[in-house]
Amino acid sequence: MSGGTPIVKLTYREAVRDAIREAMYKDARVFLMGEDVGRYGGCFAVSKGLLQEFGPARIRDTPLSESAFVGAGIGAAMGGMRPIVEIMTVNFSLLAADQILNNAATMLHMSGGQFNIPLVIRMATGGGRQVAAQHSHCLEGWYAHIPGIKVVTPATIEDARGMLWTALEDPDPVLIFENNTLYNMEGELAADAQPVDINYARVRRPGRDISIITYSASLFKALEAAAVLAGDGIDAEVIDLRTLRPLDDKTFLTSVAKTHRAVIVDEGWRSGSIAAEISARIMERAFYELDCPVERICSAEVPLPYAKHLEQAALPQAETIVATVKRMVHSHG
Amino acid sequence: MAEFRMPSLGADMEAGTLIEWKVKPGDRITRGDIIAEVETDKGIIEVEVFEDGIVDQILVQPDAKVPVGTVLATIRSVGAAPMPTADRAVAERMPVGAEPPVQPSLEAGGPRIPAPTMVPPASTTERRLRVSPLARKLADELGIDVSTVQGTGPDGAIERADVERAAAAKKAEERPPAPTPTPSPTTPEVAPTPEVPPRAAKAAVPEFQVRMRRAIAAAMARSNREIPHYYLETRIDMSRALRWLETENQKRTIKDRLLPAVLLVKAVAKALGDVPELNGYWIDDRLQPQEAIHIGFAISLRQGGLVIPAIHHVDLKSLDELMEVLHDLIPRVRAGRLRSSELTDATITVTNLGDLGVEVVYGVIYPPQVALVGFGKIVEQPWAEHGMLGIRPILTATLAADHRATDGHRGGQFLDSLNRYLQEPAKL
Amino acid sequence: MTEAQIKEVILKVLGRIAPEADLDTLDPDANVREALDIDSFDHLNLLIGLNEELRVDIPEADYGQLTTLAAILSYLSARVR
Amino acid sequence: MSAEPTTPQAAIRLDRDHALHLLHEMVRIRRFEAKCAELYGAMKIRGFMHLYDGEEAVAVGVMQVLTPQDAIVATYREHGHALVRGISAGAIMAEMYGKQEGCARGRGGSMHLFDARTRFYGGNAIVGGGLPLAVGLALADHMQGKRQVTCCFFGDGAVAEGEFHESMNLAALWKVPVLFVCENNLYAMGTALQVAQSVTDLAHKAASYAMPAIPVDGMDVLAVETAAQTAAAAVRAGEGPYFLECRTYRFRAHSMFDAELYRSKAEVEEWKTRDPIATFAQRLKEQGLLNDADVASIEREVAREIDEAVAFAEAGTWEPVEDLMRFVYSERRTA
C-alpha cells in the first residue's frame, strides 16, 4: 500500500458487496438477479441493503428457476444489459448447466462471432461448513474444462473487490466462484482499491524449495503450511492461480523451473481435476526441471459427509501440505 | 440421363439395403415421388426422387446392400430414347459421387498390418535407474554417468543434489594426487574449471602451478568430504543496476569506470550484514561468525587454476575503493605476488564466472568458510513483472552453503537481501 | 601516427595484460576476449592502456565495437590524430 | 380458454398483394427445403437436418407482424423462419454447406442459423433451451424501455421441459414482452403428444401462468397472422407475455434419418389434405385473388432464388483451418 492512501478493514463479503455497488453506480446496464438477493439480502448476505439502495428493477429476486434466470441473464446480456447473476451455490448451478454449457459457452462460436455474452455469474462454492453432500461441491475445476467461458476464483479481499468489474467489462461470460468459507475473512484494503486483472496467477509467497500451486480458499491453507515449513528450513513458494480458465501456466512453470518441485492443492476431487491439468502441463513443459514427481493434495473422492471430523478429513488441510512437502524435500534444502 | 443413387440419409449411414422398387422401367415419375424403399440401421425409409422423367433402367435389385452413392436406377427425360443396356459400362454401377462415397469399413478388409517385430527385452536382472528429469539433465551437462551416482531419494532415486555431489567428487579425483597437501591451502575450485590448453609450446608446467593444483585438490576434497552443501539460486533483474552503472560510467574517464563485479561484491557484503551467519567459519563443530567481511574474490588464471585473494572489509569500502583494490590485486594475482593475509583472511567466497558465458555457478565451499556466492553471466531473458512480460538483463546468483551452519531459510533470506541491494545500486 | 604504429601499441598493451599469449599468431578477426581468454577486468585494463598510450577516449557505449584486433585498429585509426 | 383452434376471419382484409406475398413466402420455404433434402442425399449438406414441410403457415403468419427491431429465437427446425425473417437464401444455404459465407460462417450448420442484422438469435438445438434466452432478451428491452417484442418459437416437445415452465413463470411474473409461439406438430421427434403429456391442450399449460394463451389453426396462414397480430399488439403495449399454440403437422420425417415407425401413413395423408400451401392457394383462386399465371410466376421466382442460393453456396469458400480457434472468446477485449 502506498503511503497516504486510507486503508479500510473489511470482510470478503463486504468486498464483494462493494464491488457490486460500485458496478451498479458506474454502469446503468448492470443489474443483479438471483434467488433471495433482494428482500432476504442474499443467502450469504452479500447483497444486504442493495435492494433498498437500487430498487427492485435492478436487484431482482428470482423464483427457484436456475435455468430460466441464468438463461435470462444470457439473453439480457445479448440484449444490451450487463447482468450479474447470482447462483446460491455451485450445486444449484447444475440446474442451469444447460444454459451455461450449451448457450453461454457456445453462442459466440455457433453464431460465427456475431453474438457474444457479456455476462457475469457469481456463485458460492466449497465445503467446510458441515452442509453435507449436496451443498459442498467444489466444481470450479470442472467448469474450467469448458471453452467459451472464463472461470475466476478470487481468494483475497483485493481480488474479491477488484475482479468483478474486470469480469463485467469482459465481452464473454465469466463465472466467479466465491468459496463460502471466505465470506467472513477480514482483511485490509486501500479505500480506493482498483479493479484487478482476471488473467494472471500471482506468487503470494516467494520461495525456492518447492512450488505450492493452489487457488481460492486453499491458498490460506498453503500459506499456513509454508509458514510452518519455513520453521523447518523449507522455503516454499505459494502460487495463487486466481483464474482457472484461461489458465496462466507461465507463472507456475516459471516457478517450477526455479524450485524444481511442485505440489498442487485443490479442493476439487482428484480424478479429472484442474490439479490433474496443472500436473500434466508441468510434465509436458517443465519435465526436465523436475527433481521429484509432482504431487496433488485434493479432496477425498467421497461426497462430502456431514460429520465434522469426517468432512475435515476429506478436505485438503495445512498439515497434509506440510507432511507432503517435507517428504518431497527430504534430502536437501 | 439422370442417375438415382443410394442417398445418404444421415452422417452415420454408410450403406443401405434396397427393399422394394415402387416403380419399374418405363414408369413416368415426377420430382418428389417415392420410388423405392431402403432399409437402414434405423428402419425402412422411403426414398424420393428429385427428377422428373421416365425410369430407364433398374440397376440394383431388391435385397442388395450397396454403399451410399451407388447408382440404383437411371432416369431419362420424357421423350428421350431408352439407352441400350449393352452400352452401360459395368464401372458405372460403382459410386461416382464428387466426394468420396463412404469410409471403407474395417470389415471390408483393409490392408492387414503385420504384428510388429518385438525388440528383445532388455535384461530384466538389471534394475532400471531412477533418476529425476532434472538430475538426468544436469548429469548430461556435467558429464556425469548417472549409473555411477549414489541416489539418496525415495527408493534410491537420483536427484539433483546427488549429481552435484558426484560432479564435485569427480572434479576432486581428476586432479593429480597430492602426496603432501600444502599447509596453507590457497584456492577452492569452482565448477567448471577454466582449463586452458597451453598456447605456445611450453616446456613444463611451472612449479607454482603444480603446488596450486595440489592445494586446490586438498581443499576441495576436504570440502566435499566434510561439508554438506545445499544450493539455492535466484534470478536477479539487473536492469536498474546496469542502467545506473551506464549513467555513472558516462561521467567517468576510462580509468575510473566501474565494472559490474564491484556492485556484486558490495551487494554481497551488504546482504551479509543482514544474514551474518553466512560470513564465518565452521570450526570445532560450531559456527563461528566473523565480524569483519573479507570477501575472497575468485580470479581465474589463464594458465589454469585460480586464486582467491581476500578483499578486506568490503562492507566499509566505497565502489571506487573496491575498484581500486581490484586494479591493485588482479595484476599481483596474475604475477603470483600476493600477501599472506590476502590468502588466508577470506570469510566467504565470491566467484563470478559470467565472463565465460556460464549462466549458473554451483560452487564448492572453501573450508572452513561456510558459504560461497556464485554469479553467472548477465543474459537477456523474458521477465514477468506486474503482469507484464519484458526482456531484462538477468543474473543468476547462487548460494552454496554449509548445512551444518545454516539452513535453506537463512540462505534464502540472504539471496533475497542481495537482490534487494542490487535494485538500489545508488545506495551501494 | 600510422596504422602500423597504432597496431604496435595495441599489441604492446595486450602483451602486458596477457604476457603468456603468442600475439604473433593472433587472428586479426578473432574475438580478442575469447582468443586470449581475458576477462572483463583485463578488458577494462586494455582500454585504460590504450587510452593512456593513444589519448583516445572510448565511451562505454562503444565497447561493443572493439571485439577483434582489426576492429580495435580501425576504431583507433579513425580517432588518433 | 377454448380448446378448439380459433380461426378469426374478420381481422385481416386480404388484398391481392398480401395474399400473393404470403403464398410466395410459404412456397419459398417448401421449395428451398426440398432442395435441402436433395442436397443432403447428395452429401452437400451434413449433420442433422430437420425440415419444416407442412408447418410453413406458422413462420410465415407470425413473421408478418414483427418489426425489424423485434428479436427472434427459434429452434433447430428454423430454415423457414430464417428465410422469412430476411436472411438471404444464399447465406442460409452456404451455412448448411459449411462455407464461411454462411450466416454463421459455417460454424453452426442447419441447426444454428444466426444473424445479428435481423436480430435472429438462432438456431437453438437444445429443446426448451431457447426459452430462457427469449425471456432475457425481452427483459433487456423491458429494462431499457424499448417497445420491442421477442418472438420465441418452440415445438410441443419443449413443453415437457422444465425450462418451458420456468420461462413461462418468469416471463409472466416479470411481465416481459415475449411472444411465445408453440408449433405443436403432435410429435416430439417420434413421441406423440398423448404419449408424453398428461394434458395435451398446451394452451392450458401456459394459461396457468396467468398469460393469454390461444390455440390457433397452424395450417391456416391467415388464422396465424391474425392471432399473431393481436398477440404482438398486446405484448408491445406492455401487457406482458402472450402464448400462441399453433396446431400444425410436419409432412416429412423428423430428420433425414427417420424411418417414421411411430405414425401411420393414413395419418400423414389425412393431414396432407390440409396442406397450408395447397389450401391457401385454393382459397385464393376461389376468391379470385390468384390465377395460374401467378402460381407459375411464384414458382419461377422461387426456383431462380434457390438456384442462386445453391450457386452461392457452391462458390463459397472453406474457412482456413488456421482460424479454427476463433470465436471461442471475443476478439475485441471489452464488452
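Every chain is named by a letter (A, B, C and D) in the order it is written, and numbering of its residues begins at 1.
Throughout what follows, a contact is a pair of C-beta atoms (placed from the backbone, for glycine too) under 8 Å apart; a residue touches a chain by one contact, two chains touch by 3 or more.
Keep in mind that this is a model prediction, so the values were computed, not measured.
Chemist: So the centre of each chain is just the mean of its C-alpha atoms; given that, what is the distance between chain A and chain D in Å?
Modeler: Measuring from centre to centre gives 41 Å for this pair.
Chemist: From the mean C-alpha coordinate of chain B to that of chain D, what's the distance rounded to whole Å?
Modeler: Using C-alpha averages as centres, the distance is 58 Å.
Chemist: If you average the CA atoms of chain B and of chain C, how many Å lie between those two points?
Modeler: 38
Chemist: With chain centres taken as the means of their Cα atoms, state the distance from chain C to chain D in Å.
Modeler: One centre to the other, that is 86 Å.
Chemist: Quick one: label the inter-chain contact graph as line, ring, star, complete or other.
Modeler: It is other, because the touches fit no line, ring, star or complete pattern.
Chemist: Go ahead and list every pair of chains that touch.
Modeler: Chain pairs that touch: A-B, A-D, B-C, B-D.
Chemist: What residues of chain B sit close enough to touch chain A in their complex?
Modeler: Residues 132-137, 152-154, 157, 159-161, 230-235, 384, 387, 403, 407-409, 412, 415-416.
Chemist: Report the residues of chain B in contact with chain C in the complex, numbered from low to high.
Modeler: Per the touch definition, chain B meets chain C at residues 194, 196, 199-200, 246, 249-250, 253-255, 257, 259-261, 300, 302-303, 326-327, 330, 354-355.
Chemist: Would you tell me which residues of chain A are touching chain B in their complex?
Modeler: Those residues of chain A that touch chain B are 197, 199-200, 206-209, 230, 233-235, 250-251, 254, 258, 260, 287-292, 330-333.
Chemist: For chain C, which residues are in contact with chain B within the complex?
Modeler: Result: residues 18, 20-22, 33, 36-42, 44-45, 47-48, 51-52, 57-61 of chain C touch chain B.
Chemist: Per the contact definition, I'd like the list of chain B residues that touch chain D in the complex.
Modeler: Going by the criterion above, the answer is residues 5, 7-13, 31-32, 40, 42-45, 48, 50, 68-69, 97, 99.
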